[in-house]
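Input: structures, listed below.
In the two complexes below, chain A is the common chain; its partner is chain B in one and chain C in the other.
What follows is the complex of A and B.
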């Protein structure tokens, strides 16, 4: 006889305490399950009294391996939501009721590229647990397991600070505050587009690295072989296009025909879009640019492992356009040592701190990052302040300013709330 | 399957991994110059494998959503929309002689893909704000340090503050990010690198 892990579906010996594949605690499972359940194929993660609620096509096989169900949303949801709701009920009652049966709530949003995963349904504004679709089995030590799970999860990194607060009752007031936080942020971001807010967008700070990047590109000739790794797609194009545009304009102005590679499926289209926009913009201004061969943008499937293939080609200069520091690091590790081409990084502001030591050590010959880098580079290229004329950049900068102001304000309010409301772990 | 056959099969993976590892080390060290003529072929194979994996993933998505439609599962109309869009994009890319650079694909990318991805990514600011409100507090263990660090970085990254912030604060933030923060990050990177090495060796010798 064997135990099938309710989390990953791995088959374990009957006397196993933990799953050999994922480490799930199997002791509770085996304690609450009738001895013959493995033979009968009953779904171990679903209470017997709820079994009739499950459609027939999701019977034995799908019950034991829920991820095979077409409507499966993620197995992690079950303990996650159950824990939240159990704790939320404890707040409402004022006491921690150890025998409450946790109920799985319907998920509001789930898994859109992983971006929305941090949302907990129980903490969403006005959200309540909907109709229970699955009821977890009630067991005498269920609350203990949930508490233990919470601590393990906290210790493993989700909420490391909470893990140290042993024995504290978790009181959730998030439903009161989260809508206000979201509203404040929405107002801050939208205000410039509604004509409200500051028109003074500040001045760019000339960080080291921009001048050397400009000089490296300025020394190129039309015959120079330049490689570009295009490591961003439309998700981060709002910031990255602003940084990449002056650099690309400079390259085209020098008559360089760069070879552009991308490991992202949407990378080539993003590159072509920016190059077309730069060429159109320059034509409107009455200038002329060298024609980049847009069909030279290549998508390389296989991820970072295929980067060494690029190193077979000699290059005078390499540029990495990436929103994440890992893309630049991968190039420095996999390509730069092989073909020896100096590297310039064009990145988002968030990647700057991680990459700056590479500039200091000489592995990068130039670093252009964020709005500051874009403005400084444009000033070097055109001898003008780009924010003085570009309305689009003004709006972006005003939105960024207000968003940062809102975050600072929220941090201050959060501290006051904690000060006057007593020490709380949440909300 | 007999235990002997299973053991042999299990041995194949570490042997293959060890062979690739040795090849990469030799290639990187330049001990065998002739290897450079062979390695590009290996990387071409890798790219082919990546392309095939991408296609398999697409087929898997189609198959999964067709099952949802046939079974009438929850939100099956969304699966129908996904299949329809996938077919439309595929046909638009294949039918047009210019392929991925066709005007139709360009329109779809500019008007659907790009704004959609950007909008989804922009939602992160709401989570950042909620996280800042909840977790950056003095009362937590080490919270004061985290709070001070976050505020300094936020202030320095704030373009409008460059006019009235004292330069010493910007220099301090620059030192903070480049010194202590990077020391910690590099420590983490080194630690994870060593851990990966150990796990890799354990896998190679069959002790995983």
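What follows is the complex of A and C.
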């Protein structure tokens, strides 16, 4: 027994309360019950009268894994074809407002990490255009009307706004064999273990902000009051530990006893673990580090609302160890304007583009991000040649280089698929 | 900790193998949604939530006003207000949790009361949160970024790359805003042809700009995650090879295959 999500069409167990793919609340009447044997899996969510408009070859079985099929991207937009046909005719007839054309619920981009809220893009026959989604979306798109969302979806689906292109049907959409993506990424992951790409990992890129971050921490003394916001937990510690370790080592080397706050329950434990690991490493190297104030690591429940209370404490320097740009932004918005302490951000590579403007505007005095930032900071700290990296950093940089090559390869493959796939269909 | 033979203690070995197995369970989701992948997800999510719940409970018990209440419950009546509001919210949440799956208006009178009472603390929470965030956004992001942008001017002494970057940023930002704000069907239907073409061109540029921005961020994310995955495999290879179980498996394999 299974239940079909009305938003993305995914099959869920009968007792599921939320869709496992897009998170839509299934505890409503619009959720489809198990289909009859005559229905195909992909068109369960559409009205029977509209199923006739869909080419038979687009229907698929319920139990298949759609992402393994060669035309996966095409199957996702089965309703789009019906919508396109209807819209194309409506536009040709001079109808500018397509909200009264019954279209089928489809899937908007579900997010890079699957974290965006599902948005009801289109309406089922009989529904009003303004009916809100059963799950209140948190994204800014919530303010858009259904018609606006439909247009955004059409635009995101590579359909140009020129009238001549409106007649495009689903068959002209590029077909990319999704296993190519898995194959290329698997090769990129396996390559370092075969020795490929490990010999010459190149030099880590010295992004702006690393040098100033180093200088800001270097000017500290043992008496300096340093505040740290520890905004990552074990979920993101894989990358963040690599970036945070040299910075923490520098802090401990200066004899600083920082006050560490965390808004995440697992943040203090993550902080203590990293600090202990850094101290153990230094002991193994024969060096010694000042004892950090491991007992002064506080978890503050309440989220962003608790940050203004931290601003009442004076500080010489503030550091934000955060995997997400929102953590750094929250500190810059809630604390920094109040206590005036300069802020250094230590963050993941994905957050770097969002935080660059804050560095340019002077709100951040330093920015250390990603493996490149970690390698550059380590080279500054150890006063050594940036190309001389330890094995761990070499592996990270090699993996990064291979992943970049893999993405370039996928872009090339995708463009070839679009180029030749479109020509083949038109021919 | 490793002994002289290079093996690690049983606690570390058990943790390493458990982590490896759970990682494989999660990876198996690539091949479809099945009970093994769900088991891995449940273990991870359940343990994280359980730990978070315990830590949060302990942290709540150390709040200043809670410590005051524990020392002297009648010292300050205002300290009871957060407790009462929290209790109302918890009651309302429990009612919804236990009534989940039965969507629709509440049936019993107490359910009505519980849901209504929960609205007040929820409103306070949301209202205060929104106010703090909005005020912070203005003072911490909008104002400083606007002032910074206003300082940048067009003059002959600007390096060419700075000038080009600034112009590009202006064009991309404006076109992305137009893309999100203008609906050609509604806003341009009555406009002259040249206005429609001009605006559609902006929208076209804005659409591609949004794609590029999203793609660049996604690509960097994929790159860092792939690198982490490689490092994780390397870690597993290193740590598991130090365990007695791995060495036993290796010895068995040698005996079976003769290699």
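We adopt the following convention: the second predicted complex is superposed on the first by the 236 of 427 C-alpha atoms of A that agree within 3 Å, B and C clash if a C-alpha of one lies under 4 Å from a C-alpha of the other, contacts with A are read in each partner's own complex, and residues count from 1 in each chain.
One rule holds for everything that comes next: a contact is a pair of C-beta atoms (placed from the backbone, for glycine too) under 8 Å apart; a residue touches a chain by one contact, two chains touch by 3 or more.
It should be emphasised that the depicted structure is a prediction, and the values quoted were computed from it without experimental measurement.
**Q** Figure out whether A:330 sits in contact with chain B (first) or chain C (second), or with both, or with neither.
**A** Touch partner of A:330: chain C, not chain B.
**Q** Check the residue A:353 against both partner chains and state whether it touches chain B (first), chain C (second), both, or neither.
**A** both
**Q** Give one of first, second, both or neither to describe whether A:185 is in contact with chain B, with chain C, with both, or with none.
**A** Touch partners of A:185: chain B and chain C.
**Q** I'd like to know which partner A:300 touches here: chain B for first, chain C for second, both or neither.
**A** both
**Q** Looking at the overlay, what does A:403 touch: chain B (first), chain C (second), both, or neither?
**A** both
**Q** After superposition on the shared chain, which partner residues are touched by A:215: those of chain B (first), chain C (second), both, or neither?
**A** After superposition on chain A, A:215 lies in contact with neither partner.
**Q** Between chain B (first) and chain C (second), which, if any, makes contact with A:22: first, second, both or neither?
**A** neither
**Q** Counting only touches as set out at the top, which of chain B and chain C does A:193 meet: first, second, both, neither?
**A** second
**Q** After superposition on the shared chain, which partner residues are touched by A:283: those of chain B (first), chain C (second), both, or neither?
**A** A:283: touches no partner chain.
**Q** Does any part of chain A touch chain B in one structure and chain C in the other, and if so which residues?
**A** Common interface on chain A, chain B vs chain C: 112-113, 161, 182, 185, 189, 234-235, 238, 265-266, 268, 300-301, 303, 305, 308, 337, 349, 353-354, 357, 360, 370-371, 397, 400, 403-404, 406-407.
**Q** For the complex, which residues does chain C have touching chain A?
**A** Result: residues 30-33, 48, 51-52, 55-56, 59-60, 100-101, 103, 128-129, 132-133, 136-137, 139-141, 144-145, 147-148, 179-180, 183-186, 189, 200, 203-204, 207, 211, 214, 216-224, 226-234, 237 of chain C touch chain A.
**Q** Taking the complex as given, what residues does chain B use to touch chain A?
**A** It comes out as residues 28, 36, 39-40, 43-44, 46-47, 49-51, 53-54, 64-65, 67-68, 71, 73-75, 100-101, 105-106, 109-110, 113-118, 120-130, 132-143, 147, 150-151, 154-155, 157-163, 170, 177-178, 181-182, 185-186.
**Q** Across the complex, what residues on chain A touch chain B?
**A** 57, 69-71, 112-113, 115-116, 118-119, 161, 164, 174, 177-178, 181-182, 184-186, 189, 198, 200-205, 233-238, 265-266, 268-270, 272-273, 294-295, 300-303, 305-306, 308-309, 312, 337, 349, 353-354, 356-357, 360, 370-372, 397, 400-401, 403-408, 410-411, 413-415, 418-419, 423, 426-427
**Q** Report the residues of chain A in contact with chain C in the complex, numbered from low to high.
**A** Touch list, chain A to chain C: 17, 20, 27-28, 65, 96-98, 112-113, 147-148, 151-152, 155-156, 160-162, 182, 185, 188-189, 192-193, 234-235, 238-239, 265-266, 268, 299-301, 303-305, 308, 329-330, 332-334, 336-337, 348-350, 352-354, 357, 360-363, 370-371, 392, 395-400, 402-404, 406-407.
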